[in-house]
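So that we are looking at the same thing, I have put the structure below in structure tokens.
We call the chains A, B, C and D, going by the order they appear; numbering starts again at 1 in every chain.
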């Protein structure tokens, strides 16, 4: 019999090589946090330019105060699932607030964004249904599809024509059909062509789920995401989002106008059989939601920072994964994997943290340094990030 | 094309009937929490006898203080995955503390216990492997198996002979073999026959994963769980546990002595692609771990309370799902589903909350009122719970 | 085929009767879960009885493609005759 | 069978060459992912090219049981001739 971990021997060797090279991205530790954009890493003060802290709300005094109050009033955890003893007034308050903010009839909150996708996809779809997903979908979407037992059809990234062809070829038969796309794709920062996808509904029968994990708070007049920005909210049947990005907490949500949406509360296993989110998490998230609602200027600053970083890196000759629009995710394409690893190390040594994203998990097998901005970044910090990229490139000149 | 939620029409009608009958267990709200064992439900002070708060640590002042400090020092959330920007010093501290407590080489923490099982099972096993699971396994184990793509073989609940037969019939071939059992099964409170299962290793080749979600803190000389109590820790290759029961938080962990265990940090998707647990959650959990380590008397009180409830209900003529050992989960078997629903309502009206567990999801299709005890329950509270069961039975006498 | 498909079908139908609460008529084309309204836990229980009866093993994965009595009988026949 | 299995295999092998970085020899029994060391994303890309070439669709679920060139050719033949 084979040892179960033997299958990863090659992967392990590759990782060990990376670590020997100095890049232990997998176990990089933030020793201390100084602010939404600063931490101590390897003993050095570092600018965080690789988080999903788009609205910069993780250290807001009122959110922290709300978390503390929740700890005192409701305790450290719920020790039970939402359908047993785990629903507290706070969960209901957050669901109501999100439904209102998103302008939808119903909202469910989940313990993680990952489980929001698992619950929604495997809750909505079963073996008789067909799911159409973008090739570059997040892992939680792929895993949700697998859990559902549905027929899964993959279309090329953001390729509406390819999706249309696939919809034509896979008729509905007995079951239903669900198309899933993302507001902002996390690796390159590009958006789904949502208007065109919604337009497909005129000719093809399907329901549409949009994962606004990275676009919630960021896109749209009021921050409701890509569906709002594209002006097609009515064409979107289900929206999934997360608390661990713009809302600075942990957990996920789904909203819908479907009259029977709440059936998922007793049909979706990753909602039913997991401990409810902690009181502190609900309270800080609720406070952050109010904050981004009350302070739309955060979105403006974010977009200014995004443009600043995007333009700055382009001007310095860096090739970006996407520059078709202003986006808070700015991914620098490295010519080779060793170049990416070396530059990532050099950036860290220069006091800038970005995400190291290596093939095969990346779009088009690109070796990426994924930077992202926060509304809490100052223009000086963005300049420092751009300068660090230049310095890092110079330091690894023999590799690029 | 069918509407995706149409498949639940029957389930929805059944639920609506229950709600009309007065039992909306799915959306029962704790309006306020007063202590680990008391809450305001429907405006009434209620004894909580249906949580998983075994060690009663949810309101410990030092744990709450630790959570508050973490909020201040590290912020409300990590806004990133463990393999990106989401590993804080607190995550590492908790992993080290758990590895030490569990006396194992390595520990990984996860954002939920559900994702701990998904990560471990789908991380360890792939299409070439075979997984042997107990029929009454938790939903997260079933879902982990499905995600893995492995061959899944089910054996009868706690039936060692049946497992042995299955191991014999499904030889290892190219892949590996994993047997999964639970320390305490959550519905009836019974234990896996772990000593006998470990003994099967002498004749059959397999690796063993034990989910100690409900037994961690509860069983064993030092609270390490069933493996410790059964004296077979060396025979258990992987242990999974959760923070949302004895530790009063949210999250999960896995420990092992396997030299290559850490490969799962870059191989297990539900670990890699989800936001890291929140700082407050890590801090309260770490404090709770120290507490149950320093105060073993909590375990003694818990077991005294368990015995008290078990004996008390038996003496009053209630049939229990399991009474082969003292266990903190005490499930009362109701003769019919309507009787269970009516008694659940009557218990609530008498100020006692227990879990309502109805077929088909329950073992042997039983209609159960699942009570559970905490070390924070007073003997008077246990007496009140027993009295409420009697009163509830009398109130629904026409149904039982 | 050394064990007749029809014999296996008959045995399966006999075992299935205990789960056929609505006493629906059984034929080789009966969809076990859908037509007889049997939930997934009872499908597992029923399949375990089939396994015991024929002294064979069926994995959960194999069940995904098995819907009718006839399909199950074919799988059983394959397994029985392979031994 | 109206489209010859061998012709389909030949076309598949031609499309596969772009992914065969180690230039392993190809035969009908070649295990596409394992023998050629192609990761899951590239398997998807390669299958999309096969779909385009034959103007057919293959779902992710169907791929679970497809390992060799010959198996993929059989599925393509089934799909092509069904149209």
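As a convention for this text, contacts are C-beta pairs under 8 Å (C-beta built on N, C-alpha and C of every residue); 3 or more make two chains touch, one makes a residue touch a chain.
None of the values given here were measured: they were computed from a predicted structure.
**Q** Computing the C-alpha centre of each chain, which chain sits at the greatest distance from chain D?
**A** B
**Q** On a C-alpha centroid basis, what's the spacing between chain A and chain B, in Å?
**A** For chain A versus chain B, the centre distance works out to 28 Å.
**Q** In whole angstrom, what separates the CA-based centres of chain C and chain D?
**A** For chain C versus chain D, the centre distance works out to 34 Å.
**Q** Hey, how far is the Cα centre of chain B from the one of chain D, in Å?
**A** 44
**Q** Distance-wise, how many Å sit between the C-alpha centres of chain A and chain D, to the nearest whole number?
**A** Their C-alpha centroids are separated by 33 Å.
**Q** Which residues of chain A are in contact with two or more other chains?
**A** Within chain A, residues 149 contact more than one other chain.
**Q** Viewed as a graph of touching chains, is the assembly arranged as a line, ring, star, complete set, or other?
**A** Graph shape here is a line: each chain touches the next, no loop.
**Q** What pairs of chains are touching here?
**A** A-B, A-D, B-C
**Q** Along chain A, where are the residues that touch chain D in the complex?
**A** So the residues of chain A touching chain D come out as 130, 135, 145, 151-154, 156, 166, 169-170, 360-361, 365.
**Q** Okay, in this complex, where on chain B does chain A touch?
**A** Touch residues, chain B against chain A: 1-8, 11-12, 15, 25-33, 36, 48, 50-53, 57-60, 63-64, 67-68, 71-80, 82-85, 87-89, 92, 111-115, 118, 122, 124-126, 128-129, 138-140, 143, 146-147, 149, 172, 174-178, 205-207, 242-245, 247-250, 258, 260-261, 263-267, 269-270, 272-278, 280-281, 284-285, 288, 353, 355.
**Q** Please give the residue numbers of chain D that touch chain A in the complex, ascending.
**A** It is residues 39-42, 44-45, 48, 56-57, 59-61 of chain D that touch chain A.
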